[in-house]
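Below is one structure, written out as structure tokens; comments come after it.
Chain lettering (A, B, C, D and E) follows the sequence in which the chains are written, and residue indices restart at 1 in each chain.
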Amino acid sequence: MAKTRVPLRAVAQANDDFFYERPGSLPGTLHIEENSPPPEIILIDYNEAGAIRKEIATPEECTPYLDTKSVSWVEVLGLGDEGILRRLGQVFNLHPLILEDIVNVPQRPKVEEYEDQLVIIARMVIPKENGSGFYSEQVSFVLGKHYLLTVQEEPKYDCLESVRSRIRSHKGIIRKHGADYLAYTLLDAIIDGFFPVLEDYGEELEALEDEVVSNPTHQTLEKIYRLRRELLGLRRAIWPQRDAINSLIRDGSDLITEEVRVYLRDCSDHAIQVLDMVETYRELGSGLMDIYLSSVGNRMNEIMKLLTVISSIFIPLTFIAGVYGMNFDTEKSPWNMPELNWYWGYPLCLAVMAAVAGGLVFFFWRRGWFQNFSTIKDDSSVTNSAETATGSPSAAAEYKRLPR
Amino acid sequence: MAKTRVPLRAVAQANDDFFYERPGSLPGTLHIEENSPPPEIILIDYNEAGAIRKEIATPEECTPYLDTKSVSWVEVLGLGDEGILRRLGQVFNLHPLILEDIVNVPQRPKVEEYEDQLVIIARMVIPKENGSGFYSEQVSFVLGKHYLLTVQEEPKYDCLESVRSRIRSHKGIIRKHGADYLAYTLLDAIIDGFFPVLEDYGEELEALEDEVVSNPTHQTLEKIYRLRRELLGLRRAIWPQRDAINSLIRDGSDLITEEVRVYLRDCSDHAIQVLDMVETYRELGSGLMDIYLSSVGNRMNEIMKLLTVISSIFIPLTFIAGVYGMNFDTEKSPWNMPELNWYWGYPLCLAVMAAVAGGLVFFFWRRGWFQNFSTIKDDSSVTNSAETATGSPSAAAEYKRLPR
Amino acid sequence: MAKTRVPLRAVAQANDDFFYERPGSLPGTLHIEENSPPPEIILIDYNEAGAIRKEIATPEECTPYLDTKSVSWVEVLGLGDEGILRRLGQVFNLHPLILEDIVNVPQRPKVEEYEDQLVIIARMVIPKENGSGFYSEQVSFVLGKHYLLTVQEEPKYDCLESVRSRIRSHKGIIRKHGADYLAYTLLDAIIDGFFPVLEDYGEELEALEDEVVSNPTHQTLEKIYRLRRELLGLRRAIWPQRDAINSLIRDGSDLITEEVRVYLRDCSDHAIQVLDMVETYRELGSGLMDIYLSSVGNRMNEIMKLLTVISSIFIPLTFIAGVYGMNFDTEKSPWNMPELNWYWGYPLCLAVMAAVAGGLVFFFWRRGWFQNFSTIKDDSSVTNSAETATGSPSAAAEYKRLPR
Amino acid sequence: MAKTRVPLRAVAQANDDFFYERPGSLPGTLHIEENSPPPEIILIDYNEAGAIRKEIATPEECTPYLDTKSVSWVEVLGLGDEGILRRLGQVFNLHPLILEDIVNVPQRPKVEEYEDQLVIIARMVIPKENGSGFYSEQVSFVLGKHYLLTVQEEPKYDCLESVRSRIRSHKGIIRKHGADYLAYTLLDAIIDGFFPVLEDYGEELEALEDEVVSNPTHQTLEKIYRLRRELLGLRRAIWPQRDAINSLIRDGSDLITEEVRVYLRDCSDHAIQVLDMVETYRELGSGLMDIYLSSVGNRMNEIMKLLTVISSIFIPLTFIAGVYGMNFDTEKSPWNMPELNWYWGYPLCLAVMAAVAGGLVFFFWRRGWFQNFSTIKDDSSVTNSAETATGSPSAAAEYKRLPR
Amino acid sequence: MAKTRVPLRAVAQANDDFFYERPGSLPGTLHIEENSPPPEIILIDYNEAGAIRKEIATPEECTPYLDTKSVSWVEVLGLGDEGILRRLGQVFNLHPLILEDIVNVPQRPKVEEYEDQLVIIARMVIPKENGSGFYSEQVSFVLGKHYLLTVQEEPKYDCLESVRSRIRSHKGIIRKHGADYLAYTLLDAIIDGFFPVLEDYGEELEALEDEVVSNPTHQTLEKIYRLRRELLGLRRAIWPQRDAINSLIRDGSDLITEEVRVYLRDCSDHAIQVLDMVETYRELGSGLMDIYLSSVGNRMNEIMKLLTVISSIFIPLTFIAGVYGMNFDTEKSPWNMPELNWYWGYPLCLAVMAAVAGGLVFFFWRRGWFQNFSTIKDDSSVTNSAETATGSPSAAAEYKRLPR
């Protein structure tokens, strides 16, 4: 009944929305979203000898598999049916708070140890097909002695298919190890799933670098803002995940063997790399903001220069023309605008105007105010040279062998 | 007598005012605000078998209930009567400093352990009905073996009603547990009470994002400033609360059972989520400030462009008109403005003016100075496309199922 | 002889000057400032039965009181006489470095434990009477078994009077406790003395918020800068003080009883509150800086708008007038400015001018360039509404009681 | 098969790209880049008595040397052949994850301890020959009891030649020590290799300081941005390396003798120095950004000043000329522009114009608007004086000896 | 041979250059700079009874003094002779890395413990005689049981003279203590040597505060930048020094007695004070940058105001003059500029112009655009009042005694 979820666009855009219970709701209340798909349950049971895969209808069908020595991986895809989820809780003997964390998505990634279970809440990201932004969903792990329960929010996409195929085709050493190794493999796939997303952002950053130099518009700024917002979201997805993995390595539950712990160190390295890249991209993003702001200032300078050049040249000329437009009566006095009656009066006047204009043009040219046209052309060549000088493989290949 | 309280508007706005004693006042002095409502005292005594609720007039009426095995929840609503509060202190055998912390609101949230009591100072926030800003009040807990004393600053509103009803109607497991579980439930309700406030700020942030792009005014800036100030206040309310809960989990008083500690971990997770969101909103807020500043610069650019275009086109034309307004005597010399006497003089002059104007317009058009009109229209469409691309549920629903 | 002290105005303004010895001076050298007042010494000796107060001339008069069980508080006010200070050192058996720290003010607040003495260096702030800025002076404590020596830099003002009167009139429990409780009481008064200073700054911040919105001038910026500088100074006074108190609580010298330690926790809470407020004010201060900078930009925008509106309207008109000021000879050709001879020529010309001007005015009106006048009026109303919406007690009182 | 690598220009430019596996790929998969050169393997076996150097074709040829007491340094240069690398893994009995870290470059620098091996992943930088930017490659160390395996990504250049020659020519104490000393020597050479790169950046920073003062263009900004980006990359290369070395010193594997640990402290000092310099350069870089932005503003000010001076002087003059260009009929009334018929009318008019112009010039001169020309010349002299005052050795040499 | 040193101006200016070895050079290689003066060696041997001072030619002459119970202070001034330095290493039995740290200056300040020696690398700063910037040099200490070896980079100046004279004249307690007390005394002198440098920077900051308010030019910005750069350098000199002293106190080598450790706490306090001041100055410096940037904006505003006022007043007037300069033929039609023939036409026209001008002036005056002249004068008075209100001693002296 008390189902509420933050529906903010701003937050949703940053992929960092949070589940929140209506204040005062009962602990253990499950909040099923209306458009959430009903859960599919798939059981994969394997050992070194073989592997079976069953789509099962009721959680209770899992029971006979859980205590056998073969590894049982129970995959639940979708959170749309409270009844089934509660029965799942009974089958796996889950603490009400575990079930709450699994169902009331999104939760912050974390690791929690219970008596004979280890609960890992992770966040999986999938790059959008249009190369901008990412989908994200929660994957919850409950690791027991011989089983692993994973619950995914969204059945339609994930990045775990390769693990399934590895079990199916007995590739690698996965079928020789226990459920802890399976959990590691899935976690590793989830962490590695951040890299393609980062790659997209790296490309976007590169495009923005070009745009901010060549043609910065107000939309460029919005793009930078959006990029920074999404990187903020990404950082908040990976940061607690890294902590969670580190606490897995450090605190050492009995459910994780020493051997798998070595593998987890590798997984932790990847999480740190993701975090490093996110931080780097965020710093580059704020550097872009600086360049953008200075571009706005530079553009203003150019506009003002143009105005100043045109005004400064024509205003004095117009003044001269105005002087000789005055109607002083030349006949009343020889001092009254005698120029008007000179034989060379008009050509002389034009010559003076041309001299004034020429002098001002020369003045501006000397101060370099006309350079900006060539500068604009230079800009692109600079960018090109920057491109070629960046240690691309071909450049590296031309590197003369240093004497040894 | 020595009653003083920071009455700063700035601070009050940020909901972060602090109680302060007049320097050198006696420790244990209670400072009753004049407009503070007199305390109502409500006793709720329950166990699994049943629950009674009594409004009681004097603190001493509680005494018989405190040592029974049933859980006694003594609620005090309002801080307006020093005498009653002091007698309460005697009934519950409170250290003078506890009583001071309870009465001299606001205090910083914290947990303190005394010999057989655990004192928790918490801060409750309630969203304002107009959806902007929040009320905040202090809730103090004194947890004993079989009782819980809670003192609220303001009797008129809180977010604990659901807990009361749960006790009344024997919903959930609350009546099966002791006073520590009750304290947890209330704390949890208080922490969850931050989420609606955050939701309001999220919506405000979203509205500001639209405003800063479409129509930034000086008031937009003030709103951003106010938002950041209030988020600062919110952060200062939740930050020490999170620390307090963590120290409850870690330091493990005897008054809190191991089972309730598991629940407190959940509560701590929620506090971290609140803090995360507050920090995210603050970063987004300062990103908005950047966009606003650049909007001001962009707008200036557009104004200057307009000025420059109009000046640059008409100043040369005016100069030409000025030239032919000069009064050189055409009769004195054939070189004196012979154009004035040409048959096509005037049309030619107009044609030259048109050519100059056309050339300048072409020049500005080539440099893209007329794009900003279309750009302004583009802005909104960009915003729309950003909206549609942000992983809204419908977009997610269209996501093609990835091959597995 | 080697007396030197940083005389920097910048530093003095920020109340953060530091004592420094001439490099290589002897450890234990005492540096007496020339205009420093000669020390007054006051002995207050009390126990539960009674209290005596004596102004004494020579430090040696204290000796008989120090080892009695009654608490002896030796107050030294002023640092102007090296001889007396050295004899004081002998009477209290002070380590040369303690004496140096006491005399060579200002020192950084700290706690140091010696064999049978505890030295606390604290910093007391007193708000200036004009409500802007504060005086600050060092108070040094030497706590022994049955005595407390306090040394103040400046005899003329402090915030410890209430403590003295409490001893005199046997108010509270101070005369029932030992020297450690006295030290706590004084420390607490010093920490609480920061609140009135903070209140002044809060009011100043509020005034600046109004000023920066309604009428930002260059002086506003200087005030913000000064405010931030003084808050920096305040932060540097309270930060080490908080650490010092925490180390008193944690490290637990024998000279401080368990009971007083409970009181010190309260004192530490207050120090944290002060620090929190200082940090909040500093963040608000830098937010004001942002608003100020954007105000400068906005004002520029308005100036430019006005220039652009006036120029854009009159420059084309002037051009038209210029055209008909040309002197093409209408008699030489029917094409030469025939308009000049039209019957309705001049009115038509004025009508065209009016049409152009009207069109431009309409264009600017459509783009909203005339809104800023109303905007300026709106500004104040916005501020007002912000004022009323900030949870002032009256607003809170109108809050409809939420259903429970 | 699943070979992917981040190909981002932005990232590649910052030298901070990361290897990432396709999500879900098998742990232990080796990813060989297509254009990677095939590995050369060189064995250097030495003890105090002598040293031999062999280029070997297959990893298995190393086997007989590994367990002898002489130190065997197996250098692998290039990562282009998966088969050879896997056989190398077998010969050295490497954990699959070690091999993965060695081959799947770039990895984050780190130290990992395995049963009887210590793995160090380091990053070597080489300044580019054109003095701008750097190449970077991974060097992996596997340290055993009597052997050291090093694997370099790129055979063409490194900074380890001096170590090889030291072994060859028995210079220093290297041949008296074991494999741990060899590892230290190489690590030290790698860390010292950062200094020439820093020197290049220091020079670039200096050139930018000149440029930003004398002639800031948009390209200056891009250069600053690029500098900051590359320093970010450098920081991310040295930061984990410092941590790695510190953990080597602290955690103390058995494979590293106490004596070598003393040397590692020296190496750690150098890493801290590199980090310090990088941080300093980054701060200076962002200071330059501030100067650049203010230069843009200053330049705008100068442009506007020029426009204002010229407009302010000529617009009033043009107005006066315009007045006397009016055609009021002097004959209709003695009040209609009698000046036109004055004997001294025109000279007087010119005199008034000159007076107005002179007055305005004087006004601007008083306000200092013409100072900027001299200011510009001052700028360079300031720079010069700054140069001479910076404690260059010659200046230091002239320092008068202080009395002692 | 492999002698290299970072010769960067940028770095040298910030006094933060670092020694770096050519990558791969032998550990223990000594790099003698060419223009380095040859070392003078001075032996000061003292105990309570007496003190001798000898200038000695060869390090070996020290040997007989080192093991006697009297304290032997061997001062080496200058690093210009590798042979002497190596023999010094043998006499004092120095580890090659110690010798390297002593000779290859500059090194990062640090403390390192060897078997029976304690090595302290410190950095001494000396204010330049022109009051801007500082010289800095390395002082290395090797503390043994009965001797102290100090090595200074530059013989010409230091701040240790007072210590030498104290030994000579038996002032203070220095001759009653051992070599550890001597080391403390020297360290203390070095730390105290930072204060005069800070005083110079404080004065410079104060001058910049005045300049940035009264007359900000581009050079002001460069000065701020230089100040921040040098404070960065100062911070990097004192930061590791503080850590080094703290580790001396904490880790407690046997070579330092408990008594001297108490003195070192004092020295550590001073180092923290220096660091505090440096940080404060850095924050004030970046506040100045903000003021400077806003000054640039304000100045622009004033320039634009002037332009706008002049343009807005004269452009409409010029338009009116232009209208009556039109040549419509008044004889062709009574509607054609009949004003030209009016009796009061010209005076009326002038009156209209005056009215328009007056109206605009009134409009600008109402909007406060003419206030800035008075504002500029106000600025200085504000500064003055700020000066008088900053708790200068005289102001403090006038403070009315608060009632007690």
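Going forward, a residue touches a chain if its C-beta (ideal position, glycine included) is under 8 Å from a C-beta of that chain, and two chains touch if they have at least 3 such contacts.
Note that the coordinates shown come from a computational prediction; the quantities given were computed from them, not determined experimentally.
Among the remaining chains, those touching chain A and also chain C are B. Between chain C and chain E, the least number of touching-chain steps is 1. When the CA atoms of chain B are superposed on chain D, the rotation angle comes to 145 degrees (nearest 5).
Annotation: 25 Å between the Cα-based centres of chain A and chain D.
One simple way to say how far apart two chains are is to compare their mean CA positions; for chain B and chain E this gives 41 Å.
Counting only residues that touch two or more partner chains, chain C has 161, 293, 297, 300, 304, 307, 311, 315, 318, 322, 325-327, 337. With the ring opened at chain C and read toward chain E, the chains come in the order C, E, D, A, B. Of all the residues in chain B, the ones that touch chain C in their complex are 6, 8-16, 18, 20-28, 35, 95, 97, 100-101, 107-108, 110, 112, 126, 128-130, 132-136, 154, 156-158, 161, 164, 217-219, 221-222, 225-226, 228-229, 232-233, 236, 289, 292-293, 296-297, 299-300, 303-304, 306-307, 310-311, 314-315, 317-318, 321-322, 324-327, 330, 337, 339-347, 349-350. Within the complex formed with chain A, the chain B residues making contact are 159-163, 166, 171-172, 185, 188-190, 192-193, 195-196, 198-199, 202-203, 205-206, 209, 213, 262-263, 265-266, 269-270, 272-273, 276-277, 280, 283-284, 287-288, 290-291, 293-295, 297-298, 300-301, 304-305, 307-308, 311-312, 315-316, 318-319, 322-323, 325-329, 332-333, 335-337, 375, 378-379, 382-383, 386-387, 389-393, 396-397, 399-404.
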